[in-house]
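Before anything else, here is the set of structures, which you'll find just below.
Shared between the two complexes below is chain A, which has chain B as its partner in the first and chain C in the second.
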Partner chain A sequence: MRSVILDTLTGKRVPRRVDFAHILLVLCMLALVCFTALPMLAMVCRAFMPLDELYVYPPRIIVRRPTFSNFSDLLNSLNASEVPFTRYIFNSLLTTGATVFLTIFVSCAGAYGLAKFKPRGSKTIFAVITSALMFSSYVTQIPNYLIVTELGLVNSYWALILPKIAVAYNFFLVKQFADQLPDSILEAARIDGAGELKVFWTVAMPMLKPAWSTLAVFSFVSNWNDYFSALVYINKDAMKTLPLALQTLAGGAGVVARSGSVGAATLLTTVPTIVIFCILRGRVMQTMTYSGIKS
Partner chain B sequence: MKQVEKRKNRLPSSKMAKRNNVTGYLFMTPFLILFTTFTMIPIAVAMGLSLTNYNLVERPEFIGLSNYVNLILEDDVFLKSLGNTIVFALLTGPTGYIASFLMAWLITLMKKGRGAFALAFYAPSLTSGVAMATIWLIIFSGDRNGYLNNFLLNIGLITEPILWTKDATYLKWVIVLISVWMSMGTGFLVFLAGLQNIDPSIYEAARMDGMKNRFQELRYITLPLMKPQLLFGAVNSVVGAFAIFDVATSVAGMPSPNYAAHTIVAHLYDYAFIRMNMGYASAVAMILFLMTFIVGRICFYVFRSED
Partner chain C sequence: MKKKTSADAAPEAVTAVTPEKPAKEKKPRTKRILTLERKHTLEVIIFLAPWIIGTAAFFLNPIISSMRLSFSEITQLKGFKMGWVGLKNFEYILAYDINFMPIFVTVVKDTLINTPLTLVFSLIIALLINKPFVGRGFFRTCFFIPVLLGSGYVMQQLLQIDAMGTVGVGIVLPPMLKGLLGNTISVVVQSFLDRITLILWHSGVQIILFLAGLQSINGTLYEAAKVDGATQWEMFWKITLPMISPIILLNFVYTMVMYFTSSDNELVAYIIDEVFVSQQFGQGAAMGWVYFLFVFALCGLVFGIIKLNSREKKGVTANGKRR
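Moving on, here comes the complex of A and B:
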């Protein structure tokens, strides 16, 4: 079956036995890929469509005369308004970058400490973290709002960073991977006289690279796309992140004239996560092998 | 061996254990502080607040279970949001889960083009629901210019354009479709990795023993070996399926026509951050918490590993 699917797809060799089920299977896969890819294709094309093509009847998916004018409209003309669009890009990059960076260190240090030193009570702590996988972040949103308000962080970048550093999911991923680290290598470094911090930093962290690369991808994707936190913690225009800014741009008056810019902004909001994923795909697969839960 | 003995001589084992405790906790401190502040304490606070009447200005007033009683007996919109959430979760959770498993399974059977297929299939879950909403609103636009209406009119399936996002009956299905589109999620990657990690010699041995086809392999080898990954994927898809919000509000608006796309999280947001009724909203949060937690525990039971 392995070769039949492949050969049907590539047409290299006439399969010995092409039965109905195999053809159906390949068709199903192609249909599914169409289902996932068509909206993406429309999204990419609309970003490059001149205004007349955006409103042509019948509607087009594929762009005929691609143009960059939507992007220059978005970045230039909006600069005239109070908050330039580049500011939203900066806000998103800064808060997402900082969150990813901090969550990597905090989760790796924590997971390493738990997996390799197994201090007293670590079983209980891990059980609590595992059950926290089952809370959606919405459950804790109200108390978090009160805490962030109490700390005076509303409308600051910290409001979008601090609550999202210690995430159970992130800890879990690294911990499952850290379990596999061979103690002998860590021990060898200690015997060579390295302090615990140095062992962590120069020996464990490089070995944990697949785990924290995965974390970087997931954390980047979820924080970059996070709409709810900004909605709750931010009400100043200049502090908004991309999803919130895009929603403002896409709604309200004059939206027809702006639809080119909306297309460009949608693409700009979507592309970074896909690029990050493509770069780190190989490492993600390595970590995911260990991410199962044994119950 | 020699080195281990040397170490033992340097530090007696009880002292070693103590030192390990201290070092371990030192490494865990930053995570534990933040996790306690932003996850553990909030869960407790949410439980407490759900028993109060609290508007951010006055002190919380203890009112027992009144919020829950009101939610279930008086709040028709909540019941509607609960119903919608359950319908959305039942339709999108299992569909996304099964589709991503099948896709992962089929991809491992391929030899070429794995990467491209994986990306084509996984890319939707990398996108922002809010950003894609701008495209969905064009695809499901209610006039002849909408991609879907145009397509259906062309092939003659409909004669008049359908108001996909304005008509409550269609709106629900539109939200389900978009959520399925986005929910191929982490499950897919976990499954893909799990599948690729299964030793091929196990399959060969099984074939010698008379295993007939791929479906038998799937049933008797692949699925049992992948229980931990299946569980992780299930937990994630349960949490995601009950938390549909971004997509629903940005496609359907808030409030949506006839509350057809109103979900529990939308109700939570409405009461907490628009009406500032934190006690009542916390009760909504606790119900969401209970639902995900119970279904999550059921997943733990279903996918338990025997060893």
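Moving on, here comes the complex of A and C:
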């Protein structure tokens, strides 16, 4: 029995029929999934909970009397503001899209250059980047704000895009993959007469696809959800991003009267990330798991 | 199609070849090498420049000014003028601030408990998902979705649902069971459940990284071991674990840094509060630096230990255990 479980644990045994160990495994997984699924379920339910049910003790997870009043409340407060709702969506999509695109390009070029050309001081650069990973971005928020103000970017899209392009984590991720690009293929391309930029664009980039498609999802998620930098850099209503707009309209976390709308807003904020994930799911899962890190 | 690519490549090819060609016979040999080298550095600069500019402008520059800020005091808010105060800020947060040190200790303790647990859980889940079974895709998605929701405001919302500061929406012990277990035990069990919820919500990326590692292990290794009569247990410890050890290191550092820098971290919240609400910029920056240096030292320690360990292991195998 022990060896059967271990077989399944190490993934080297494929049960051909549904046997005891298989059922045990699925049950095990279901129990673990409960931990991640329950908060999600709660989040969905909270969006539909009437106010009195939100403050019941002990707290409920499943909604008893679902209502759409939270959404209509949210819509009412949205209509009351002067800026059309689509503007927020546009703002979010534009800044997030631009950030993702630019960070992919910049990180890939930099990581490729560092990994494959190994210029003098590349070790120092990489050390700086690795230590940058450990630095919480919140700490440098004030100096960052000063720089953005100096550049005159407050209340512009650039304020939300530029500071988030050269992110250490993205660089680190791509570098780990770029290190493993076989030199022989790049060399072959060079011998065939391709210039460095061409080698990068037509040979290295396709080979780095797992890295940058993963990066695309992560970067999209974190930039889409990030309302903190918008909170700092943007104070014009028309330039607010969707998460920030929803949170401010819903009244923030502390306001009791609108906590229903907060629930609805939270649910609405998650929709785009889920959609993006559903579109890219197959690719991300596959690239991440199958062609991820191979030597 | 092929013609087009060759035409495309032609001008570049010419430039690439020119240094080799003795175009001007008079040029000495060393000069030619230099130009090749110079061309090479130029290319490197082209690749690295956007990154370096971005980092310099929005990372190094803020970091330096935050370092300066930590030794200064804001004398005038308009124009942000700073006055040098030496170590006063550090003295204040370490000796006088009654909140900083306790929060610091709790955060460090929590992270040190959570990081290994996260690694163990994500490794187990990765091992389980790695094998084919019915509904594998579903489970995989289930474990990954928290990554999508788990950053930023949504996560904070989820964690703040209960005013007690714990995960209010996780698995809650039914009141009947609570009565049966008694107060102390049920509190322990409940906090354990909360911790697991928190950990599983944070382990999406780690699971994926482990999966990638597991998929990359060469199947022939297991076959060879099986032929030699190794049990599954031995294979796990002697093949799987050593093969994914680089990913364990990566995951370890990633997890630790993630816990230390996430916005639902109490200390980070305290620092943000200090800076944006109390507007004590100097003290906030000093706190940030104390915290960063600690995290940095801790990660350095982990790297050091693991490097030492792997060197020892290499020594053992070189001394003749292998072959």
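Before moving on, here are some points about what is shown:
Criterion: the second predicted complex is superposed on the first by the 183 of 295 C-alpha atoms of A that agree within 3 Å, B and C clash if a C-alpha of one lies under 4 Å from a C-alpha of the other, contacts with A are read in each partner's own complex, and residues count from 1 in each chain.
FYI, a contact is a pair of C-beta atoms (placed from the backbone, for glycine too) under 8 Å apart; a residue touches a chain by one contact, two chains touch by 3 or more.
Computed from a predicted structure; not experimentally measured.
In the superposed model, A:Ile274 lies in contact with both chain B and chain C.
Touch criterion met: A:Ile191 reaches chain B, while chain C stays clear of it.
By the touch criterion stated above, A:Asp179 is placed in contact with neither chain B nor chain C.
Of the two partner chains placed by the overlay, only chain C lies in contact with A:His22; chain B stays clear of it.
Of the two partner chains, both chain B and chain C are touched by A:Leu114. Once the two complexes are overlaid on the shared chain, A:Phe171 sits against chain B and chain C alike.
Residues common to the contacts of chain A with chain B and with chain C across the two structures: 2-3, 6, 9-10, 25, 29, 32-33, 35-37, 39-40, 42-43, 46, 58-59, 61, 105-107, 109-110, 112-114, 117, 119, 125, 128-129, 131-136, 138-144, 146-147, 162-163, 165-166, 168, 171, 196, 200, 218, 221, 225, 227-228, 243, 247, 262-263, 266, 269-270, 273-274, 277, 281, 285, 288-289, 292-295. Put simply, chain A touches chain B in their complex at residues 1-3, 5-6, 9-10, 25, 29, 32-33, 35-37, 39-40, 42-43, 46, 55, 57-59, 61, 105-107, 109-114, 116-120, 122, 125, 128-129, 131-136, 138-147, 162-166, 168-169, 171, 187, 191, 196, 200, 218, 221, 224-225, 227-228, 231-232, 242-244, 246-247, 250, 262-263, 265-266, 269-270, 273-274, 277-278, 281, 284-289, 291-295.
Every residue of chain B that touches chain A in the complex is listed here, in rising order: 3, 7, 20-28, 30-35, 37-43, 45-46, 49, 99, 103, 106, 109-113, 115, 117-124, 126-139, 144-147, 150, 154, 181, 184, 186, 189-190, 192-194, 196-197, 213-214, 226-232, 235-236, 238-240, 242-243, 245-246, 250, 265, 268-269, 272-273, 278, 281-282, 285-286, 288-289, 292-293, 296-297, 300-301, 303-305, 307.
Within the complex formed with chain C, the chain A residues making contact are 2-3, 6-15, 18, 22, 25-26, 28-29, 32-40, 42-43, 46, 58-59, 61, 105-107, 109-110, 112-114, 117, 119, 125, 128-129, 131-144, 146-147, 162-163, 165-166, 168, 171, 176, 190, 192-198, 200, 218, 221-222, 225-228, 243, 247, 253, 262-263, 266, 269-270, 273-274, 277, 281, 285, 288-290, 292-295. In the complex of the two chains, the chain C residues touching chain A come out as 6, 8-10, 12-13, 15-16, 40-41, 43-44, 46-48, 50-55, 57-63, 65-66, 69, 80, 124-125, 127-135, 137, 139-149, 151-154, 156-158, 160-162, 167-172, 175, 193, 196-197, 200-201, 208-209, 211-216, 222, 231-233, 235-236, 240, 246-247, 250, 253, 257, 260-261, 263, 265, 268, 271-272, 275-276, 281, 284-285, 288-289, 291-292, 295-296, 299.
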